[in-house]
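Structures for review follow.
In the two complexes that follow, chain A is the common piece, with chain B as its partner first and chain C second.
After this line comes the complex of A and B, so read on.
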């Protein structure tokens, strides 16, 4: 077995089973979240001098893509503050496991299930990104809206319905968690089959039954199942990267759609934020103007028609080369696994240019979080302008090449023959060259 | 003749790559692609004067191309608020007040693509007010494409296929 079970080591087992360490981290993130909202609403209107912009879009967004997801999958979800207030009310306490307490506890409507709404949410982030990423008050209003929405939904619907079906970041982390080196899995399936109470499923705020779990996409790593299992039959494994991607895992069309939205967004965001096209930036920023509607139309055309169209064409050719009686819909879902490493590495490459050059802003805003002229840590100085160094350009090339290697490997793994993998590899090459041109060209 | 088919069990046994010679070969190939010096035949350096207009939040022109060794004089004119211009990788910076040209000269000694940015906070999109300076051919982009080709070949060779046929969930 190429797995390392963290529950077998005493101190990691303590950290996993005890609710206090996780609660303390979540309490800090909740306090930080509320402070961020206040900073955005009442602090400086200049984004580079406001804690809300620098911490959300430079520090957190970078940490999510460079650290949390590649090394911990949905580990951010396990400490995310957004569902906390609603969950406390649902559970009737702060450190309680899930129970039947306050709230209507309705099931999420069947027709709204899947990743569709999360993908839609991510498209919204892209459409309004130039404003959200640069305006502290807009960032705060969005965060406040999300907090209230998650709270209201947890009063109406059961478990973490907001996280499961609406949160765009949940969609982002869930999709790429399939590539991450951590998983919660059952140790011995027979023990679970014989256990009638299913206490793990009852306790899971995500509505996941560990025995049936084949992918980490829907597991928020909250560790509640590990804590309540009476037979100590759940493992938290370190595993090889990309373990959920292979010929035997099940994938759905909504995952394919989400994966395509993510890849398209990485390409479009690279063009807007890192490209030399001022008119494009202005159009993306001028929400409501004619230029913005043109931008929105182009954005949606690329994300909903051009990239999915090329992908569908590649899958169709691959299906033809396979000479098999499998529906196109099934093939679109199955081959979407290629999009996971491809998109993840494209986002990492984008982040290297986008955020690392701006990291010099982090210390000054800690020293003066509201931009009111404080200097709490003595770190307020004129921030370095920020540059892409030759090292960061080289790093981007290496990251994109790893993404292409990884997605090509997945394409070879999930198809029956080499020639059947070629169209998907061609799609990966097309995307990678697009990213290379936007970032390096 | 039936196409040799892949089996999941077989793949699992071969992943991760267990052929160290192959790994070393591809790593050396990657290093060569990334760092092999390329002799450049460059045109005789000349003096160039480039006029750049800066408005919120764009430089016009957004892309400038020069040859290695050129002596480049940039005349920056801000059209609305105070803007600056600094070039990544070069020790070069200008600041222009509205309507007041600022001029500076540098020698384009480094080849490749370099972003230039506004260096004076000028509004919400200031961090993304970016242009590109292209000095000579963009070898880094070419190296990136070659590394991508190597990555695809490496992926193909890292999974050797079995000739066995097995039904499964492979579509």
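After this line comes the complex of A and C, so read on.
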């Protein structure tokens, strides 16, 4: 067995089954979320001196990509405060398991299911990213909008519909959770088959039935199923990275679309924020101007036509080389598994470029979160604003090389012949070279 | 049920704490500042100095707390002997001005900050001590 069940160890089992540790973290993150909104609205307009910008876009965004996702999959979703107020009303309680349902409890419309809206949301983040990432008030308005939207949707639709179908970060974490080394799985399927009550499904705020779960993409690691299972038949496994990626797992076209949007966004964000093109940065910032519309057009052309076009071409060649009687649509979905390690490593490499340089802003902003000239912890000093060092450049090259190796390995794993894997590897090489060029020059 | 009530109370307390930090902080700051004048600088196109006119009397000190909300600005007063200050984005710098002659003094940004940089100025009206 290449799995380590965390419910078998006493202290990890306690942390998983007891609702308090998770609840306390969520309560603190909810308060932090509200404070962040206030800091952005009323604090300094200078981004580098405002908690909202530094904590959301430097600390949290970095931690999500360098820690939460690569080591914990959707672990951020398990402590995310956004669905908390809605669930309080929906469940009639904040600590107790799902019970009486307040609200209309409607099912999410079938035509809006899948990852399409999450991918669209991520595109929107990219289109307005230059402003959102630098303006505290815009960041706060976005966070407030998300909080209110999640609350309203929880009154209309059942469970965590916002997280499942709309949250762009949910899409991001869900996609890459397939590569993460953690999973919740049924220990013995026969025990579940014989259990008529399906208490795990009833308790799951994500609407996932663990027995049917083959991928971790939709599991928010809330651990509710583990807590309510009367037969102790659920395991929380540490597993090898990339366990959900293989020839047997099922993938859909919306996943492929999301994966392509993520890869494209990593490339475009690298060009905007790290590239030498000042005009591009100015255009991305000047929302509503003619230059911005040009930028938006170029952004969408790359994300919706050029990168997907190259990917489709690679899949089409791969399909031809394989002589398989599978539709192009199915091939596009199946081969999208290659995009998971490729995109994840591209995002990690992109994050390294600014995380090491900008992390020195975090302590001063805790000492003076609103940029009002406070010095609560005595940590306000001129932040050290680093440049990309040779160490961070080397790290980025290593990360991108791992991404290329990993995606190539996945390509071999999911195709029937080495010949068939080659076009997908070529696509990975193309993307990796693009990232290397943009990040390292 | 007791646990549930405790959990709800805890969430409410934490949210109140989160909301009260900026409110209490602002209140304390205003209490401590006394007669300090907060001046926020922006490029002329985006609003210039937050205070355009300051009144004082001869010998009566003016305490200024300056910060920039966009780019690096400068602060200098025409006809007043002082080393010009550098006003950095998001950072605060304090200074005290005491005038010994009545009159109208012009304060201005001495760092080229935008195309309309030269229009970024304001007035300090210094009245005679007996007025």
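One rule holds for everything that comes next: the second predicted complex is superposed on the first by the 441 of 441 C-alpha atoms of A that agree within 3 Å, B and C clash if a C-alpha of one lies under 4 Å from a C-alpha of the other, contacts with A are read in each partner's own complex, and residues count from 1 in each chain.
Keep in mind that, in the parts below, contacts are C-beta pairs under 8 Å (C-beta built on N, C-alpha and C of every residue); 3 or more make two chains touch, one makes a residue touch a chain.
What you see is a predicted model; the values in this text were computed from it and never measured.
Chemist: Between chain B and chain C, whom does A:28 touch in the aligned arrangement: first, second, both, or neither?
Modeler: In the superposition, A:28 contacts chain C only.
Chemist: Given the touch rule stated above, what does A:94 touch, chain B (first), chain C (second), both, or neither?
Modeler: second
Chemist: Let me test your reading of the model: by the given contact rule, A:389 touches which partner, first (chain B), second (chain C), both or neither?
Modeler: The first partner, chain B, only.
Chemist: If you stack the two complexes on chain A, which partner ends up touching A:191: first (chain B), second (chain C), both, or neither?
Modeler: In the superposed model, A:191 contacts neither chain B nor chain C.
Chemist: For A:372 in the superposed arrangement: first (chain B), second (chain C), both or neither?
Modeler: second
Chemist: Taking the superposition as given, does A:130 touch the first partner, chain B, the second, chain C, both, or neither?
Modeler: first
Chemist: Looking at the overlay, does A:275 come into contact with chain B only (first), chain C only (second), both, or neither?
Modeler: A:275: touches chain B, not chain C.
Chemist: Going by the contact rule stated at the top, is it chain B or chain C that touches a larger number of residues on chain A?
Modeler: Partner touching more chain A residues in the overlay: B.
Chemist: Just to be sure I read the superposition right, which of the two partners does A:402 touch: chain B = first, chain C = second, or both, or neither?
Modeler: Only chain B is touched by A:402; chain C is not.
Chemist: Just chain B (first), just chain C (second), both, or neither: which does A:38 touch?
Modeler: A:38 sits against chain C, while chain B stays out of touch.
Chemist: Do chain B and chain C land on any of the same chain A residues, and which?
Modeler: Touching chain B in the first complex and chain C in the second, residues 46, 48 of chain A appear in both lists.
Chemist: Help me check something: in the complex, which residues belonging to chain A touch chain C?
Modeler: Touching chain C from chain A are residues 23-24, 27-28, 30-32, 34-35, 38-39, 42-46, 48-50, 84, 88, 93-96, 369-374.
Chemist: Over in the complex, which chain A residues touch chain B? Could you list them?
Modeler: Interface residues on the chain A side: 46-48, 130-131, 134-135, 240, 246-250, 272-279, 281-282, 285, 319, 322, 324, 326, 330-331, 334-335, 358, 385-390, 393-394, 397-398, 400-402, 404-406, 408-409, 411-419, 425, 429, 432-433, 436-437, 440-441.
Chemist: Quick one: which bits of chain B touch chain A in the complex? Just the residue numbers, please.
Modeler: 3-6, 8, 11, 15-16, 30, 34, 55, 57-60, 62-63, 84, 86, 88-89, 93, 112-113, 115, 117, 119, 121, 124-132, 138, 140-141, 143-145, 147-148, 150-152, 154-156, 158-159, 161, 168-171
Chemist: Show me the residue ranges of chain C that touch chain A in the complex, using the header's touch definition.
Modeler: On the chain C side, the touching residues are 3-4, 7-8, 10-11, 14-15, 17-19, 21-22, 25-26, 29, 65, 67-70, 89-92.
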